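Consider the two complexes below, in which chain A is the common component and chain B and chain C are the respective partners.
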Partner chain A sequence: MEVARRRFADVVVVAPVGRLDHGSADELERVLRPLVEPSGDAPAGLVLDFGRVDYVSSVGLRVLMIAAKEMRRRGARIAVVGLQPVVAEIFAISRFHSVLDVFDALPTALKAISAAAAAAYGSPAVSTST
Partner chain B sequence: MTESRAFERSFDSLAGIVAFTAEFFARAGIDASLRPVVDLALEELFTNMVKYSRASGADVDIALTAIRQGVEVTLTDHDVAAFDVTRAPDVDVTLPIEQRRPGGLGLHLVRRMLDAIEYDYAEEGRRSRITFRKTLAERPASGATATTGGEGAGD
Partner chain C sequence: MKLVRFWGTRGSLPVALTAAALRGRLIAAVRGARGLALASERAVEDYVDGLDFALAGTFGGHTSCVQIETGDADYVLCDLGSGVRPFGEAAIARHGPRTPQTYHIFMSHVHWDHIMGLPFFAPAYIPGNRVRIYGGHVDLEAALRRQMDPPSFPVDFDTMRADIEFVHLPPGIRHEVAGMTVTTLRQRHAGDSYGYRFERGGRTVVYTTDSEHKLTEAAETRSFVDFFRDADLVVFDAMYSLAEATTVKADWGHSSNVVGVELCQLAGVAHLCLFHHEPAADDAQIAAVLADTRRLEEITRSGRPMRISSAYDGMEIAL
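The block that comes next holds the complex of A and B.
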């Protein structure tokens, strides 16, 4: 699974591409772990851009639940944006709107999480991908 | 039109199952918008078979049948204990996040996203069989029916 990563001030945006299933969930968990665990440079917010995720199974939801619990534990925000229709239905049935914040688009999420990140959005961002 | 294939009881089989479904949908002319839900149901149900019936060395048979406006799928498992997926306890998704546990959402999703799911078990050969249907038609409110079953736990 290709996972792009960008940082806007104190918020990290993680954008996986493709299917979040039994074959790729471990990879996403590996990317998220250092971002959600407490550390000196841990982000104040994490946004998962699911605009290019067309499939999520329960093992993927498990990874998101673990990340959300960890972020909440250290008082940080976690959100998801760009849900495709089938994925949005899966979120609704699983009541994941109460697990992480759901926004239509990235700018809206950044604005809700951090003024600094919202201001940084549009400026050149630091990007990495795995 | 029906096609069936046997898959080794292993998580490594999941990629082959997805490919089998994609090829069948194309050959049978089934609406591609149904594929994510069919893939989801197959992944969740097959994964449960691998996780909870490790003692069986038998392959899992998967049959796909084109039906009006959709597809019917049958998973047949051999030499296993009964586990009725239509009667397994539901997770409580209304709990606050602090009380929710990661995992366990597979059957919760499957039972709500399919048109119908049925289970039957035969003592002879200890054969477990799940049949589900997904069509473009509106889902019935109940979404699930059971014919017989046993006890157990699953995702």
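The block that comes next holds the complex of A and C.
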């Protein structure tokens, strides 16, 4: 699974592509682990941009839940944005929309999580690829 | 195998529709009938039959008890929840108390909600009847005897005068019982539970309740997919939402509708039946979960459609 990463100030945006199921969930978990665990440069916020995810299975949802637990444990925020219609329905049916913060677009999520990240998003020169 | 009939479908604890809930439904039904021409009996029945199940019906409140009609005279049941009381009464009403019958009963495990009906299973008190109780737990007999010990129950187990025998079924072996091939699978649940795969005459039914699925272990998932493979019907523990089962209710030993759909799709199952309903859920909530589950099947389907239903006391599924 292809997973793109960008950083806006103290928030990291992770954007997986394709199907998030038993074949790819492990890989997303590997990408997320260093970001959610406490460390010196651990981000204050994590946004999962699901704009290019076209299916998510229970295994994939579980990876999100583990990341959310870790982030909350260290007082950090996590959000999911840009759900495609089918994935939004899977979130609703599994009731994950009530245990994860879901926003329709990235700017809205950044604004809710960190003013610095929202400002950085507004001025593209500041953003960096990681 | 011809038919599966549900006598108890509720998880953990029996429940009943309350007077207040019933009153609310009657008001809604009468309100909906305003202005309709309901002069004939037929028109009244059609109106009632056309109402939503969550308004005009109820999923019911007995705990786990499921009957499989194999086509033979012997009775086959899964679990001895409170639903076995009306089952026993129906069997006696059908044959009269003096015609001996044989009852084969397969036990998922010995938690209260799966054994509480036995003391009220009238055929077990009638000499001449044969009762065979199968399970994978070595303490099966002890658990069923203990619930009838004083001070918890006034009638001792040995008061039951039918010919009762306990049969241990080790997992991983094919057993021949009541003309069926029966395979069991150990499941993740406090104190273990066992799932049953029943095969006969080209038909397959899987009864898998009180079973939590850890999504991390591929080998475990594979063993369930193999166990469910090409079944005509899978009766599945869908007590919690996936979010609950992965958060606050993780390790509580139950599964979700979402995992049921995924496993059954992987296994090529024809019909998934949601079972072991949360006692705190009302009919509207269970009906909403059913609608959600059908929608999930639709949007994630890759091959032929799979039927989805939600078990209610009295429901019959023809095989």
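The rule is simple: the second predicted complex is superposed on the first by the 122 of 130 C-alpha atoms of A that agree within 3 Å, B and C clash if a C-alpha of one lies under 4 Å from a C-alpha of the other, contacts with A are read in each partner's own complex, and residues count from 1 in each chain.
One rule holds in what follows: a contact is a pair of C-beta atoms (placed from the backbone, for glycine too) under 8 Å apart; a residue touches a chain by one contact, two chains touch by 3 or more.
Because the structure is predicted, anything quoted here is derived from the model rather than measured.
Applying the stated contact rule after C-alpha superposition, one finds that A:R72 touches chain B and leaves chain C untouched.
Judged by the touch definition given at the top, the superposed model places A:D54 against chain B, while chain C stays out of reach. With both structures placed on the common chain, the touch criterion links A:I93 to chain B and to chain C.
Of the two partner chains, chain B and chain C are each touched by A:R62.
The partner that reaches more residues of chain A, of the two candidates chain B and chain C, is B. In the superposition on chain A, A:G23 makes contact with chain B only, while chain C stays out of contact range.
Residues 22, 55, 57-59, 61-62, 65, 86, 89-90, 93-95, 98-99 of chain A are contacted both by chain B in one complex and by chain C in the other.
Taken together, the chain A residues at the contact with chain C in this complex read 22, 55, 57-59, 61-62, 65, 86, 89-90, 92-96, 98-99. The part of chain A that touches chain B in the complex is made up of residues 21-23, 54-55, 57-59, 61-62, 65-66, 68-69, 72, 86, 89-90, 93-95, 98-99.
For chain B in complex with chain A, the touching residues are 11, 14-15, 36-37, 39-40, 43-44, 47, 93-94, 96-98, 100, 102-106, 108-109, 112-113, 155. If you check the complex, the residues on chain C that touch chain A are 215-216, 218, 221, 241-244, 246-247, 256-259, 262, 292-293, 295-296, 299-300.
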